[in-house]
């Protein structure tokens, strides 16, 4: 038991403690609260860096706690976990910065930031979970901690949205619970990566295990917003921008996608699921969701709604990558987990900036905003280009690997899905860009709050710019080892060599 | 083992003494005295916990009188767990009451509380059926007194209903015991269990006993007395009632069920109990969803929770010992989690009502902005009640699910899942109210932070139980006659 | 060392300068920055001029491992691209003096430039695709710079076509890289691997039409005659001169030239090429705007190059010989077409230039494009030489006759300029920048052969007068027909972007269907609109023209006879 | 037909009567009395058991019955207090029949 073994717990605790302290703090202590938030975020990132070192040296820190006889709570930092934990810790920092700026002189901040940290804590738990039981625990905790954020505004719309959100996610949670419980009833406590046991189980009860697989995927699919279960995502748009950024880019949808990754790779094992023919349906659903989401996005006139539907479609890229049998597809899926996070967070930041600075919510109000808020608009452009999948922005890398993976898995038709969705992406992002940059300004801005400075206030602007440049860097230096791509390749290597 | 070393007698003597003393001494001394009493209780129960976990089941004969006339006390794993639970919860509630009742001048609370506590400990420790009866009756009186304590008409009516129901129940129980004695000529649990045979008398007796206990536990169709009583009483009282009092009769039920191996001989009856539990889950959840008063919501959720707990009976089957063990653990865990969570939730609800001054949900608007900590406490308790992870409630539900999988009784799975959705529905309904930002009514009263912290501690305990469930599970699995009777 | 740093700077310097020109400090001097931006590219090409050495720079960390290199063919492209961009920038400095939105223009200009230069030096498909897309989308900004309705319309169609192209390209790249067994992303490997791929035809289709959008092959050309006229003149110069060649370059570097013998694809390319060469001629003659005419002429010239590529599918082994010729032809066309576009802007300033010089300045590039002098003559000759060597029946003849189209287009162009000069509002005052740029480009275009033609055995025509006659007779006949048409005006014109008007109303983005731009294309939905008589030449003029056309026709016939005689020997 | 059975039957009869009254009546005092009736029936049965030992009475049972009676008395007392307070508060002798379910 060397000191690294306690790291996963520490990573979890940083934000848990932050949450508790913030809950205790009185409302007025803004400076202190911000310091605690940012401090915790930075500490977490440092810890993650230590974890990365550990994982690169092939030793996986692990914490165990026996909850019930034969049922352990496992926090384990393997390479896949680090992938997600790293993403969320980095984005947490910037989202916190952004949120501090966004919620300046607005009420209920101690509540907001408390649940915010809690939400991140549960995301950490999800990423570091070492078995399905632990995963389930934090998965549900995430649902609980995000609900207060969704209804934060407290008006009727957000309360309604919150209800919808709960109906979807809790039902999904129940389905997931059913799946997990039945899996445990069959095979006991199955740690991630212990695919031999699952293989044995599948040998014994093939159709039962298939049903369980479907249950698991369906339960996770609700948060991952795959087609029939995507309804909550656009509704949850009433939440404040940082929440949307966090929900859509990192926490919730990714939790679902990440869970599916875990189930496919570390519970059933990719070869097994392929042999059982479990992947092909996922591929089809994902493809449909990709097209459907883009198509719906095309019809939205509200910026955040459009972004939400684009998320619906983008997250399914990940599932698509997972469902493509072969290393390239896997890389594509995993790397998109990060890339989509970076790009989408950028886009939501920018949408938030427009709303905060000029009160712009609808797309047709964006005319000529490029002159007024150039930096925000540049960031937005970068994000949009990434979504369309133009190099050197990160989105292209994912798309490329997905396409290659599709060909590798002899599923050529997937390419046309990718192409079609890129077309749709272009169709719903390029006009926006044209409005931003080339259309003349129509009249005055809807609700101009900040008139003194050229762009949004720094606290809002900097995170957007940083994430934008990160998403460029992730694409531009994709082949360097510590880039998302490099890490995804590392994971895939270990996955397929097993 | 003599009286000084063993904590068992203290667990009975101190509360009784406390009851008498606090009745005699002047008002302003009662609280300090009781505080001292609380301390001793905690120490005693912890010591007992230590001893039992070290040396196994402890038998103690009051004043060395042996059964049948003497009062024989027995502390096995199950009893110990309940002792610990009741002293923790009761301490919390007592502290809360201490602060809360200082706010509104009422001093006669203490004697009743100590009586309650004494009877509870008596029930947990009783080794023969008649002591159980006495305990039940004392408990009833104390509880009814506490309910009537608020002395407005709602609580009075509730207390009368409660009293009648309880009396009926205990009479049935007494009759059953009498029949048992007639059949077997003994009252001690263990000797009854040894010489047990399924004659018609015994069957009638068991039926009577079960009926009476079910009525006192407020299992589904016989639950009508509970919501007004629990909802109408003062906050700490409601917490005590929901967390501990109903558990007493349930505890007795469980002991009979297992030690006399009823599950083995009347499987159909166990299914019936399961059905009743399911009914309680659905109906209680549904009614909770329809309530307009905060404490009524919580009270009805108690009804539903009792349903959960009584799902362990159909799962305690003779066929599958593994499943039965899981069901047993699950049921106990559920009971424990409910004790903490429900106490926490009632206290939090009481704080909220204290803030708004109105008992209805609609007036909770803006509460989560005004008292986030309190809402947080309420929420944590809610998490455990919903059976969402991480919480004792979840682990309990998990065990019950596993057990129903293993014993192939899939229908209980459906019930469990629907139930958790229902409970989520009614708890989040409350949340939605607290998050509403309607007209900014800043005429809130501010409760002292301490009572909020007490509520929070209980809720946190119910959450922590999710991580530490292994301890209670180990404690209740300590060897003893009870575990031997388990399938 | 120096080469690699130049390679790096070639695309990156423009980017940096673009960022700079965004800052208020440099706003005023953005134009100068644009001039500086091309210097590394130009130096790079000069250092490699005529030498066969290949210098490259490998960046394993970049994208998926980038390889930037410069080889002779690419070098030619790089050369004319940098030159053309340089002079166009110079021209633009003057052109934009009064423009308020000039800073935006310059930023986009530099971005487009970086894309255009970058794609020429990138040897791996990823960075190639990146630069290509970059150029395309930044170019959009140049097209719609004026922000007027027709510009927006053109821009929209440009964008739609471009995206369709991008997607076709991406498909081709996917399949191509897969064809190498998912191992390589180097264009060369892919080109060599494509023939083995079992998606061969799909890949070729995607490559052909995908890059065809840029190269303006029929059906994919719709945006071109719309975008080139509406863009600011310098922008249209680079669009039509340099960026249009990006498609050609892509074909050269990605098509399996020399690896695949496929008569089907050969005929496909050839037929599309000739369709472009002649069809564009016919449609272009019926245009009203000089720049539109030039755009169509670009299409027809690109057609010739497409034909050449097609021939390489029939005779793969000739590839090494043909490609340099093709590249040189591209160079010639780029410079000359650039000069012609610039002259459109100069046209309004004719008063400030000595008439003779001005006329020369107008006619020299036109004749050169027809192939009667300067680089054009050499280019045509060399191309024909090569095609002779291929021994594919009919090709050479058709190429020769394509001069007919070119002649007609050039005549139409000059005619329209004349018309503008005659009844146009008082001429704008002279601008030294624009004239400098124009003159410079003219000179470079004229001397292209001797400057850049190194490595090609260019024959001095003084020694072969008969050859020259062979070159001459077709244009003269063309001239005759043109004159005849002027005498008997065919009262018909075809709207710019011909076919596009038929299905344009479908190409609209969702929220662009708001009333402001709802029915903008309804003014000309008919493919052909018959117009009542305008600019009818006066009878007297017509008579003399009539006589002149006869003279020209006779002259042409004589020349033909002479040429036949030459053949018989 | 021995005494045991008679006692038992009588007890059961009393219990039945009491139960009926308990359910049938709404008047609180009547209910209370009915409850006492049940109690007495129970004690009667127990006493019946005590007779079994042919003359030798069973102390245990006597102890039980005594305790039971004490408990019953105190219960009655408590009930009476409550009923009285209820009467003072509402002036009614029965509960409002809107069962809280």
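The first chain written gets the first letter, and so on, giving A, B, C and D; residue counts start at 1 in each chain.
To be clear about the criterion, contacts are C-beta pairs under 8 Å (C-beta built on N, C-alpha and C of every residue); 3 or more make two chains touch, one makes a residue touch a chain.
What you see is a predicted model; the values in this text were computed from it and never measured.
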item: Both-way neighbours, i.e. chains that touch chain D and touch chain C; value: none
item: Central chain (by mean CA position); value: A
item: Interchain centroid distance [CA atoms averaged], chain B/chain C, Å; value: 87
item: Distance between the centres, which are taken as Cα means, of chain D and chain A, whole angstrom; value: 67
item: Rounded Å distance between chain B and chain D, as computed from the means of their C-alpha atoms; value: 27
item: Interchain centroid distance [CA atoms averaged], chain A/chain B, Å; value: 42
item: Category of the chain touch graph - line, ring, star, complete, other; value: line
item: Each pair of chains that touches, named by its two labels; value: A-B, A-C, B-D
item: Residue numbers on chain C that touch chain A, as the complex places them; value: 22, 60-65, 104, 126-127, 129-130, 133-134, 137, 141, 144, 147, 155, 159, 163-164, 166-167, 170-171, 174-175, 177-178, 182, 199, 509-512, 514
item: Footprint of chain C on chain A - complex, ascending; value: 298-299, 301, 328, 363-364, 374, 385, 390-392, 396-397, 400, 403-404, 407-408, 412, 415-416, 419, 422-423, 426-428, 430-431, 434, 437-438, 440, 475-480, 485
item: Chain B residues within the chain D interface of the complex; value: 68-69, 130, 133-134, 137, 140-141, 144-145, 148, 151, 153, 156-161, 163-164, 167-168, 171, 174-175, 177-179, 181-182, 187, 223-224, 227-228, 287
item: Interface residues, chain A side, partner chain B - complex; value: 23-24, 65-69, 71, 73, 107-108, 110-111, 114, 133, 136-138, 140-141, 143-144, 147-148, 151-156, 158-159, 162-163, 166, 170-171, 173-174, 177-178, 181-182, 184-185
item: Residue ranges of chain B touching chain A (in the complex, touch as defined); value: 329, 366, 368-369, 372-373, 376, 379, 383, 388-390, 394-395, 398-399, 401-402, 405-406, 413, 417, 420-421, 424, 428, 431-432, 435-437, 466-467, 469-470, 473
